[in-house]
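Chain nomenclature is as follows: A, B, C and D, assigned in order of appearance, with residue numbering initiated at 1 for each chain independently.
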Amino acid sequence: MGIRKKRLSEIESNDSPIISTHEGGSIVLANLDAMFGWARRNSLWPLTFGTRCCAIEFMAVGASRHDFSRFGNEVARPSVRQADLIIISGTINYKMAPVLKRLYDQMPEPKYVMALGACATSGGPFYYNSYAVVKGADHVIPVDVYIPGCPPRPEAYFYGLMQLQKKITKDRYYTEKKLLKSEKLK
Amino acid sequence: MAEYREIIFNSDKIQTDDYFVNIGPQHPSTHGALRIVAKLEGEIVQSIDPVIGYIHSGIEKMCESLSYPQLIHLTDRMDYLSAHMNNEAVCLCIENALQVEVPERVKYIRTIMDELTRIASHQLWWCATGMDMGAMTTFFYGLRDREPILDIFEETCGARMTFNYNVPGGLMFDIHPNFQKRVKDFIRYFRKKLPEYDTLLSGNVIFKERTKGLGVLSKEEAIAWGVTGPSGRASGYSCDVRKLHPYSAYPYVKFEEKLATDGDTFWRYQLRIEEMWESMKIIEQLIDNIPEGDFAVKMKGVIKLPEGEFYQRVESARGEFGVFIVSDGKKNPYRLKFRSPGFSNLFVLNELVKGVKIADLVAIMATLDLVIPDIDR
Amino acid sequence: MAFSIYDFTDLAQSIHNGLSSSLTPVWTTVIEWAIIGILYILFVALFGLFLVYAERKVCAAIQQRIGPNRVGPYGFIQTIADFIKLLMKEIINPKGVDHFLYNLAPYIVIATVFIIISMFPFAPGLQSFDFDIGVFFVTAVSSVGVIGILLAGWSSNNKYSLIGGIRSGAQIISYELSVGLSLITMIILSGTMQISGIVNGQADGWFLFKGHIPAFIAFVIFIIAGTAETNRGPFDLPEGESELTGGFHTEYSGIKFAFFFLAEYMNLFIVAAMVTIVFLGGWQPLHFGTGNGFNAAMDLLPPIIWFFLKVCTIILLIMWFKWTFPRLRVDQILTLEWKYLLPINLFNIILMSVVVLMGWHW
Amino acid sequence: MTNEELKLTIAKLCSSAEFKDGAQFLEVIVPAADLHHLCRELRHNGETAFDYLFCLTGVDYPTYFEVVYHLDSTRHRHVVVLKARTASREYPVLDTIGDIWPTAYSHEREVYDLLGVRFNNHPDMRRLFLEDGWGFPLRKDYVDPVRIVER
């Protein structure tokens, strides 16, 4: 038929999988991906999950002066099932870690994680000599964006959010899934 | 109420009328990582068991390996909403142990910062209470008025929440030249805005219906359970450390210790609003009279406390905050204990919620003003 | 009639004639159904999205914020992004749920919305069903929605959901009474249960003004009870974020949650539309008396615009409630209904009967 | 009451108490056996009326644990510090005073959680912050090579 699908292993990091697959179908998929990426990055609903001081700064981000609703980010869902984004705002200790893991597992795909503040990034002020604190939430769940600060300023949060949006734009969720499927069939 | 454990493990004890609901650790109304195991019958709470430790970070253990100036920054992260009072408690404790007299200027600035912190804390509490009651707009009104205070803090010490502004012997650095003007501007602004809080929430008939006569705590109970701060004063228990054991510039100012007798949720709410008025009065008395002088006394390079035990109480935004240092003469404490107001306030909850609805449980919890890292440490 | 150029009756008739001239009656019916169905789906989707957007902007305005403004001009297509995202979200069937009921519940809720909306006249001629007992039908069907919520709460295998579902049941069954009784009050005034009849009866003045005090009482009660029926603040107990995390929809994700989300806003529309039809004259322009210049000026605006203008005003009012009031407690909600609204309503019916019997209405 | 008067009163109530003066508050070292009795007397005696327990904590010493009780009287506004020492470090145990000041129940749980001091007659002696099976972190000999990053 003249159409050769590249195996996943053949695809290099910069090699866009879209062009090499089909001529007709791939463009549709690429546009779909772009559309889903657009929808996802503009509608990141966070989970109301806060443990320490960063949660207060997260509240300040939501308040009138900074107002994250401008990014479509304001629909904070208390239920994990409807959230897209966990913002780990605060310390995660060994008792909380299984809870966090479970919350992450309960979240529907696609899901994103943001580590807000020093504690979630590395344990922060509790890195040394603390017996209870996990040294960074990425020991528990994968983190997409790290935001430094103790606690980070709201502006830092916005910068992190934009970085996450950039990351989502690059997602090739749909095309990759198709590729994975065809890979499996082979 | 450890019976839920038995029930889980002994299935023959299961009753069909009662059931257990886990509220938290991830739950919008627990203000952090608190878990409450509630035994319910229908909507009615039979008893609860607070399970804490989801944010325990071992601060007391960490302090044992830190020197005194170093450990102050950890106190910021405990009760982050009254960070300045926590800092001050440790500093006062160290200063009293070393018998260092700080300059008057330091006392004034500390007191002003204390009261600003108290206002900011109560504002945030007000937001959270409104949200727990289902009035979302309070959240935005409260945080709107909190931002000017945070601006003052930021200009003074560079941080919005975790200041680390106090050091043993004084302050980290002097106040910004704009400080007095900014504070006065804020007071003028907030005197206009505070009545809005009444209009929006406490003047509302639904709010009054939901809070009056709910979760009554008698004076005797409050004392026995060690409930302090506005929660204790709502029960008529005069426990204001600022009055009883004055520190910093509190002896120089005139202010009222607001007391109520009802001890219900409404008065716990109302007293915090009134405390904000009192705090503004205190600041107004001090702000124009900040004496000239040094912002810190010269301390030794390595601070070593004499052998012995030292206790210092301050009034934080949530109640009586205490620092207990056992020193063995070395540069770091032998044992350091923080008496956090939230810890005592939390465990009275079981007494208050028997026979109320779930919604009331949330309301009572909100007006006890719990900050979980303060409890867990 | 002054608004004949805005009348959709002729258009509908010509489409019908065109179709039936070339097709058998059966096919005509099928195609007309399809057209109507697609139109309703489009309407529900677009108006629902608009309402979500409007709510976010309204609450932002009340809360001194800006609201969404990054996606499209003034963030206008923000909700479309949300919707696409929800469509593509993973649908989770949690362990231990009653799969059949769990999957059925959102469809019941959304189907109810469609059935009720089909009863509404948006403009003259723009109504797909017009029963003799239209008002009765609307109240009957609107109580079916609660079954969806109850099923969602029960089948989710989650205690929060269960409490939310039961609360919703108690609340809607109670407030259904008030809704029904206020409608009966107005039916006494209008003398018909047919929706088009009610709307046409208000050509020379809306019932809110015609019925004097009893109509006004019924209006206030209907708005309170209607807000409670939509599960919105201050009556949002079934969802009660601060108590029950998500309430009955705690376990739903993706498109199924979107259904609940959409249905909540469309219920808002339904209540507002019922208020408009029964109290504010449906698509009728604001008229006083007959044949004066004021009425002629009012007729310049098309009826469909009048309808949506009134609907949006009521929706704005209900949104305002939500963002201002704290939430009621469950016993207070029931007390409000059974101790206050119901007796007032019963008294009001008698009052209205007297008004109608004595001929005091215009 | 002044510290001297307090000293006399307490000596009357509990003859084996030792006093340490000169510190911030009056410190009384109580034998573990007399602790509950003395606390009850201090709480209910009209002259002392220590009705407010504002701090309860434990300290780890090389040979024993010491539990420190800070008592305040809301009527007379005097403060006393009671100290009770456990007999051994291997099986540290004291009597609970939660029936006198209910707030002590939770504080004692905290002491148990962090130091491993058990309290007799406590209705709910569970771990508070940490899960079952942890060590007692505030003990000086606590080591946890997995979780602690030493500086």
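One rule holds for everything that comes next: a contact is a pair of C-beta atoms (placed from the backbone, for glycine too) under 8 Å apart; a residue touches a chain by one contact, two chains touch by 3 or more.
Worth saying up front: this structure is predicted, and the values here are computed from it rather than measured.
**Q** Touching chain B and chain C alike: which chains?
**A** A
**Q** Give the label of the chain whose average Cα location is farthest from that of chain B.
**A** C
**Q** Could you put a whole-Å number on the gap between the CA centroids of chain A and chain C?
**A** 37
**Q** Indicate the whole-number Å distance between the mean C-alpha point of chain A and the mean C-alpha point of chain B.
**A** That pair's centroid distance is 34 Å.
**Q** List the centre-to-centre spacing of chain A and chain D in whole Å, with centres computed as mean CA coordinates.
**A** So the centre of chain A lies 48 Å away from the centre of chain D.
**Q** Quick one: report the Å distance separating chain B from chain D, using the average Cα coordinate of each chain.
**A** Chain centroid spacing, chain B to chain D, equals 24 Å.
**Q** Note the residues in chain A that touch 2 or more other chains, in rising order.
**A** Expected reply: 64, 78, 95, 128-132.
**Q** Indicate the residues of chain D shared as contacts by at least two other chains.
**A** In chain D, the residues touching two or more other chains are 129-131, 137, 142, 151.
**Q** What are the residues of chain C that contact at least two other chains?
**A** 63-65, 241, 245
**Q** All pairs of touching chains?
**A** The complete list of chain pairs in contact reads A-B, A-C, A-D, B-C, B-D.
**Q** Touching chain A in the complex: which residues of chain C?
**A** Residues 56, 60, 63-71, 75, 78, 80-85, 88-92, 241, 245-246, 249-254, 257 of chain C touch chain A in their complex.
**Q** Name, in rising order, each residue of chain C that touches chain B in their complex.
**A** Answer in residue numbers: 59, 62-65, 159-160, 163, 167, 233-234, 236-237, 240-245, 322-332.
**Q** If you look only at chain D, which of its residues touch chain B in the complex?
**A** 23-25, 27, 51-55, 57, 59-60, 68, 70, 74, 77, 81, 101-103, 105-107, 110, 114, 124, 126-131, 137-138, 142, 151
**Q** What does chain B use to touch chain A in their complex?
**A** 25-28, 32-33, 53-59, 61-62, 65-66, 73-74, 76-77, 80-81, 124, 127, 139-140, 143-144, 146-147, 150, 160-162, 372-373
**Q** For a test of understanding, state which residues of chain D touch chain A in their complex under the given definition.
**A** 129-131, 137, 142, 144, 147-151
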